[in-house]
Amino acid sequence: MKLVGVIGAGACTQEIYEKSRRVGQGIAGLGATLVCGGLGGVMEGACRGAQERGGITVGIVPGPDRKEANPYVTIPIATDMGHARNILVVRTSDVLVAVSGGYGTLSEISIALKLGKPVVGLDTWKQMHGIRYVETVDDAIRAVEAFLPER
Amino acid sequence: MKLVGVIGAGACTQEIYEKSRRVGQGIAGLGATLVCGGLGGVMEGACRGAQERGGITVGIVPGPDRKEANPYVTIPIATDMGHARNILVVRTSDVLVAVSGGYGTLSEISIALKLGKPVVGLDTWKQMHGIRYVETVDDAIRAVEAFLPER
Amino acid sequence: MKLVGVIGAGACTQEIYEKSRRVGQGIAGLGATLVCGGLGGVMEGACRGAQERGGITVGIVPGPDRKEANPYVTIPIATDMGHARNILVVRTSDVLVAVSGGYGTLSEISIALKLGKPVVGLDTWKQMHGIRYVETVDDAIRAVEAFLPER
Amino acid sequence: MKLVGVIGAGACTQEIYEKSRRVGQGIAGLGATLVCGGLGGVMEGACRGAQERGGITVGIVPGPDRKEANPYVTIPIATDMGHARNILVVRTSDVLVAVSGGYGTLSEISIALKLGKPVVGLDTWKQMHGIRYVETVDDAIRAVEAFLPER
């Protein structure tokens, strides 16, 4: 079982949405399960892309009801724990891909780096020591693949 | 998506383990995904049974590392939140089946009843107003089926 | 530092409210700090009583804003974690007093017994192995005192 | 009730420890209660300073036992929720002061800015839009005072 987290803004431009979708497609192409916060924007784009390639998506939502999850979430987890659910997304993932994102995403990047989890960055917070920055979706997927454990 | 929670002791007799296994088989037979706390005993028996029937199992573990999950968990979720993860198991499930269990299970039953989630009870805490008690695994699965939403 | 938890229904009769108030007075009389879920009913009665005797009260509320705390809470802690905050009330307390209560209280009693914390019961869930049942507020305070660590 | 959070590294230089201590003294001087993660380094320095000026300190610790709190914590809260306890520190505070700090502190700064809570920064993460940067402890306390609500 390989689990790849995707973190990013819950609302985003169409361009970022499409990039996220291609990230999701690439993760499914690696045979990995996608984990995210289950909401819209980057999370929805990524789940959509993963499902298009036959992948499984896990959405760990902040609210009390799993119906909050976007329609491309295969397995929704309801937490009723607000932002504390960010830590579960990070803990559950082997590697994370950050696509754009605001302060919520930054909190997830911080926790990931604190825990020593690899983070691949695409159009996201700049100049963070510890992030593996890439320029394209293809490079992001290659970086994810390199970080994934063998099993 | 139908999600059925299985709650019960992390260590149990062989008899209860086999009952849990048959509960898991029955849940998979309903086309539902099984959710549990991801550890041993009843949780492991149920996951094992579900996987034997081709079902998907979600294990929301208390510790920081998803490797803590039993080998029959398809999707492990690491929380590092200890007993607080019990609430996620309950929140995420449409219906719960309690098989035997101690105080940890009782805390999950209590939260489920507090939230108005149906609980089917098999060899578990007695005389709890709100639990739908059954005598056999077959009856448990029939009760679960009746409680599941149509969608 | 001695910390005594008070758990019970968020809405209660005037009689139970007054009992809770006397429990709070007794806890403050022991020189202990009172910990609770910070809402109304038993929690408010207990906080009120403790403050009347000069005690400090801690209210760990389920919502995102500490203003949710009842007016007799000295130190409000906002969690935005819903029922998961119950575990914090239990973890933080040396001893707990359960006064009446529904399923939420039962979940706290269960976690306390699971963790091996002493629970004193007054007009609460019956016949729970592990609860030290008492008939009067005075007996409850005596039982709490006996359970408190020396330091 | 005014609650001021102090966030920063759990291990720090003597210089930063002394700065944190003076921050704690200043917070107590404002009549505010200090909230922190309850461990060492900046958290301990700040609690120590606050207690020296007669202030109350709240330490919300990550582990299961409140004995983990540093010796200058008046009210310890045990969570057993690891890094998720960071969110409680932020939620409970009216204003936060960040002193130095690594990725854990950055996660707290991020959540604070996400929630619209004022953050005063002293020798901490640079160039974060939204942080009110100051050069001295005195300026930090003045900034905190300006941000505190009237009540």
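By letter and in written order, the chains are A, B, C and D; residue numbering begins at 1 in each of them.
What we mean here is this: a residue touches a chain if its C-beta (ideal position, glycine included) is under 8 Å from a C-beta of that chain, and two chains touch if they have at least 3 such contacts.
Because the structure is predicted, anything quoted here is derived from the model rather than measured.
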Furthest chain, CA centroid comparison against subunit B: D
Fraction-based call for subunit D against subunit B, same above half, different below: same
Centre-to-centre distance between subunit D and subunit C (centres being mean Cα positions), rounded to whole Å: 28
CA centroid of subunit B to CA centroid of subunit D, Å: 40
Inter-centroid spacing, subunit D versus subunit A (mean Cα positions, whole Å): 30
Shared-contact residues (touching 2 or more other chains) in subunit D: 64, 80-84, 87
Residues of subunit A that touch subunit B when the two form their complex: 1, 3, 33, 56, 58, 60, 64-66, 74-81, 87-88, 91-92
Of all residues in subunit B, those that touch subunit D in their complex: 64, 80-84
Residue ranges of subunit C touching subunit B (in the complex, touch as defined): 81-84, 87, 102-104, 106-107, 110-111, 113-114, 130
